[in-house]
Amino acid sequence: MNRKLISLVSAVALLGVPVMANAADNVKIGFVTTLSTGAGAIGKDMREAVDLAVEHLGGKMAGKPVEIIYEDDEFKPEIGKQKTDKLVKKDKVDFVAGFIWSHVLMASYKSAVDNGTFLISSNAGPSALAGKLCNEDFFSTSWQNDQTPMAMGEVLNQRGIKKLYIMAPNYAAGKNMVTGVERTFKGEIVGKDMTKFPDQLDFSAELAKVRAAKPDALFVFYPGKHGAQFMTQYAQADLASTVPLYTTFTIDSISLPRIGEQAEGSLMTMFWSPDLDNPTNKKFVADFKAKYGHYPSHYAAQSYDSIMLIDSAVEKVKGDLSNHDAVRAALKEADFKSIRGDFKFGNNHVPIQNFYLRQVVKDADGQYTTKIVSTVYENHQDPYAQECKMK
Amino acid sequence: MTAPDILVVDKLVKHYDGLLATDDLSLKVREGELHAIIGPNGAGKTTLIKQLTGEIASDSGSVLFGGKNIHRLSESERSHIGLARSFQITSLFKDFTVLENVILAVQAHKGHSFRFWKKVDQDRTLTDPALDILRRLKLEDRKDELVSALSHGEQRQLELAVALATEPKMLLLDEPMAGMSGEDSARLVGTLAELKTHYSILLIEHDMDAVFSLADRITVLVYGQAIATGTPDEIRENAEVRQAYLGEEA
Amino acid sequence: MTLSIRFFINAALLIILALVPFLTDWAGDSFYTGLVSRILILAIAALSLNLLIGYGGMVSFGHAAYIGVGAYVVGIGAFHAFEDGIDWMLNGYFQLFTTLAVSAVIALIIGAISLRTRGVYFIMITMAFSQMLYFTAVGVETYGADDGLTIYSRSDMMGLIDLNDEKSLYYLIFVSLLAVLYLMHRLVGSQFGNVIRGTKSNEARMRAIGYSPYKYRLTAFVIAGIIAGYAGFLMANLSDFVSPDMMHWTRSGDLIIMIVLGGIANLFGPLYGAVVFLMLGELLSSIPLTIGGLSVGEYWQLIFGPLLIFIVLYARNGIDSFLPGKGRRT
Amino acid sequence: MNWLLLLEQVLNGFQLGLLLFLLAAGLTLVFGIMDMVNLAHGSLYMMGAYFCATFTNWTGSFLIAAILTLPAVFLVGVVVEIVALRNLYARDHLDQVLATFGLILFFNELTRLIWGPIGLSIPLPEFLSTTVEIIPGVPYPTFRLAIILVGFLVAALLYFIVSRTRLGMLVRAGASNRDMIGALGINIRLLFTLVFGLGAALAGLAGLMAGPILSVEIGMGESILILTLVVIVIGGIGSIKGAFIAAIIIGLIDTVGRSFLPEILKLFIAEDSAATAAPAISSMMIYLLMALVLAIKPQGLFPPKGVGR
């Protein structure tokens, strides 16, 4: 609550009350995510994971108290930028993390790095920031957009799919997903629909086209609320028996409680799954479920990793954040136990990591979750890394 | 010796949903005369005014103004050749002051208004003529009031002032005395008597005392047709009019 | 102009705004310079929209499109300078001229068609055109589609003014705001403004006394579009970023809210509206109060929504009704 | 051209169109009679979906829930009308837009507070969640057929009410001459409240039928609200007939256009550019249509007589 008081006082500063300098012995982390609007569900999951991470750390990094400042971007780029500005200029945070959406990240990115504040993406992975526009103060604890569908392309090849139909929303991440699957899929693409974003209500027209095209499989990418919508309509169209579905980022732990029944058995690729077998992940998933009563999503997992990454760097420099270069080197080293097991950055500060094929199943308590079927890629690096000039 | 006709209406027709509002209506107004039109409600009087000003298009027939067929002219073009109109239901610029109302009308006839910088209220070429007209209609001391602050009678005066400010040759007045108190009407009759020395006037009015005292000639309209035209005395005597309009047995 | 109470309130606001960079320096908190810059830019856009809505009665629901157009000119210029090394595209005067020209042409086309309609039809057709521009921007992959464009170098004003300097940019914005305020003041009082206001008040009578309002309304539409385009030019330089989101119809809605909030047909209204609308969001969302485990700040729209209704129902001239003195178009 | 596919897309178009009609009917009535722009109409649609989801959860039956939802949304509509909107009829459109926008914010946040940020789902009974072979080889979801059926029934019912009953006469009179009904000595307040409630119930009906296919979400009202506004503007404000025809046109153009546009574009431009242009053009198609209609007929296709002039 303290910082909110400060923010009110600072508002008064406009009318002429000077504000005291921030206490220097806190580790301050700004976390920008979407808390209001329908997309608030994702933000909530991320915040829960961050809270859990801070709890696991005992509220301290290198002996200093950790202060997390959450900001709501309202799903709008300019609000995200304004909040980032506020975090770096007013709250003078040491790190800015979070960011679900690529367009919000792209808008906010310069505010943070121009100010010399470290920026850690806990989800958004636009190709520009992985490639040409990579920056030494920008890190990602998620993935680059193309990677997950590339893994899916491999899966489709392995399963002998010859004719593929693709559906994705017509925006940057949607196009990245399509490019990704097209990079690795070797068969024929018999149809491709880029649907209206974000307002498409109904996929009946596209599903009818899918039926008419008679493909061996359907690949879709419908994140967030569109995922639930798509899965319901896919089920109602009775396509499952003739055209099996393969997805990326369409079904997650946030939507599974709603659409688990329709989604049971469906396949997707991802860098992580709640059942991934390593000690950090086991503890994370178990404690998360105990605390919040539901499975964490990958958004939560990535956010947890963001905080743990920051912690590893703060520990490494023994809490002395004044040496920017030293902190950067420590971040780059990423010496921490990730929910994915070992963690390693590529030259562009995007993780080099495994990708798995996972499937929707029911757990012992009747809750829907996903389990790993096989490993598709080991230590995979995104294709844009070579465009990045950093070593 | 009669003056030439300034307005010649020939076989004007207007249908509304199968209803004939004006039916083969023909009419001539001489220059300098005050020509009144009377007739029961629904006789098509206001429709005629609207057809003359171009607010609604006629189905057939022609209108000559000053010898020129104005069929193709738009409403605003008709204003520019000297046809001005007052409205039956007061139609003013409500959030403007009295003076501003008149200035707006003066401005309309001083060339184009693509003048973006000079303040209107400091432009004597606009304010002077406007003040002149307000003086003529005895509204000068109310010039800075908002229209909403005026009495009904004053609003009717202003309605007339706005029409006059367009430097017309002919005034089409649609029931200028509608809803006025006796005192206000008397004042307006005086004003109209003065105006008829300067303009040709087509007057629609229900106040028969006013009509018969002011008009040079009167046309009686029934069901969209002109059944009679003549001097007030002739109309008073006309049997057909008495029957149709006054409901008397012949 | 008489020296009313309102005059002093307005003057006080302008003086405070003039001092913002120094106040924030003194407070050691430069965040507010950026925030106020953004508010003033949106105030400029709202002022231009108020020429249409407040004075002309033309409720355009697509005004944010011009902000987007202006911003994209800067963004595209910077993009080609950065990607293809075409340096002249970074020239601020070239960008400014292109911004004004392109927004004028687009406003002319949209206005020419839209002004045939009235009332709600006008609201909807202007929104339709802005949505077409929005979807065009979303569809152009070269310029980042919905991810938008990051602007790596601000407009190069050839040494006249350095837009990279926060204070210089702030004062450019502030002086622009003053200029637009004065321009509006002159326009509204001129013969042209008289026709625009008269047409809002009583279009039928305007025709009867000899006006054809269409060409005047179209001119107003184009003027407003150009000013909003200029606001977009400033916005791109302030935020180093453009995205289609700037043109979405909800952004146009925000501008309308600012105007109504500030008090319609009142010269300073849009400025007050922009300040209050944007500060209110910032303040309400950081209310340090928790009820039953729920942070009030996070549900600030639950308060803001009814507040809007309340203002409409009981404060008919928006903020204007709360300020002393009479604010009828200064 | 694939004729079976075309047929299926036409059905899809009708289904979307009829859904839009349910929303547009209420909105155009309120617009036409009370001269009231109600942006919060989408919120009533959202209420319909959330109520139905909750009732389905309680009762275990979609049908019972649907029957409970209609009066519930009617009530919400009546309360909103009495508390907030009643005082806005005499105001200009700008005030109405602002106040009802405030209502949208309020409803969205309230929904988030009550039901949480994650949406709900409405499970359908067995017989509605299958498909029917309308013609051999073309299975079509039963529930979508049901929407088409209900849509036509409601359209017929509305037609009957508007053209044959006293309420309908008042509604028609109101749309073309607002002052007249007052002169007839009708209790206008009650009439307005009733009409508003009816519009709300129709929106609720649309919401509860859209819920099972389009998912129940916060903000679901806004995206469809824009489509609905487009429908009533194209149809001519205040005209039920116009709303019906425009809704079907929009439904067909959106669905059929979306699915055949890439092929059509390929006839005129290179395949590559057709593939990139098609999604952008299909997104703006309805706006193009609206701009076109208004450019030619500035009062929509079927302006009620006497409105707007």
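All chains are identified by letter, namely A, B, C and D, in their written order; residue positions are counted from 1 within each chain.
Please note the rule applied: contacts are C-beta pairs under 8 Å (C-beta built on N, C-alpha and C of every residue); 3 or more make two chains touch, one makes a residue touch a chain.
This structure is a prediction, so every number in the text was calculated from the model and none was measured.
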{"item": "Chain centroid nearest the full-protein CA centroid", "value": "C"}
{"item": "Chain whose mean Cα position lies farthest from chain D", "value": "B"}
{"item": "Chain pair with more C-beta contacts, C-D versus B-C", "value": "C-D"}
{"item": "Where chain A and chain B are represented by their mean Cα positions, the distance between them in whole Å", "value": "74"}
{"item": "Centre-to-centre distance between chain C and chain B (centres being mean Cα positions), rounded to whole Å", "value": "44"}
{"item": "Centre distance in Å when chain C and chain D are each reduced to the mean of their C-alpha atoms", "value": "32"}
{"item": "Averaged-CA centre spacing for the pair chain C and chain A, given as whole angstrom", "value": "34"}
{"item": "Numbers and ranges of chain B residues touching at least 2 other chains", "value": "none"}
{"item": "Multi-partner residues of chain D (each touching 2 or more other chains)", "value": "108-109, 112, 226, 279-280, 283"}
{"item": "Residues of chain A touching at least two other chains", "value": "36, 170"}
{"item": "All chain pairs that touch each other", "value": "A-C, A-D, B-C, C-D"}
{"item": "Touching residues (chain side chain C, partner chain D) in the complex", "value": "53, 59, 113-114, 116-121, 123-125, 127-129, 131-132, 135-136, 138-139, 141, 249, 253, 256-257, 260-261, 264, 294, 299, 301-302, 304-309, 311-313, 316"}
{"item": "For the chain D and chain C complex, residues of the former touching the latter", "value": "31, 37, 84, 87-88, 91, 93-95, 97-99, 101-110, 112-113, 226, 229-230, 233, 237, 276-277, 279-280, 283-284, 287-288, 290-291, 294-295, 298-300, 308"}
{"item": "Residue ranges of chain D in contact with chain A within the complex", "value": "2, 4-5, 8-9, 12, 15-16, 108-109, 112, 116-121, 124, 129-131, 139, 141, 143-144, 210, 212-215, 217-220, 223-224, 226, 255-256, 258-259, 275, 278-280, 282-283"}
{"item": "Interfacial residue positions of chain B with respect to chain C in the complex", "value": "53, 55, 74-76, 79-80, 84-85, 87, 91-96, 100, 103-105, 107-109, 113-121, 123, 126, 162-163, 165-166"}
{"item": "Interface residues, chain C side, partner chain A - complex", "value": "20, 23-24, 26-32, 34-36, 38, 138-139, 141, 144-148, 150, 239-241, 243, 245-246, 279, 282-283, 285-288, 290, 297-299, 301"}
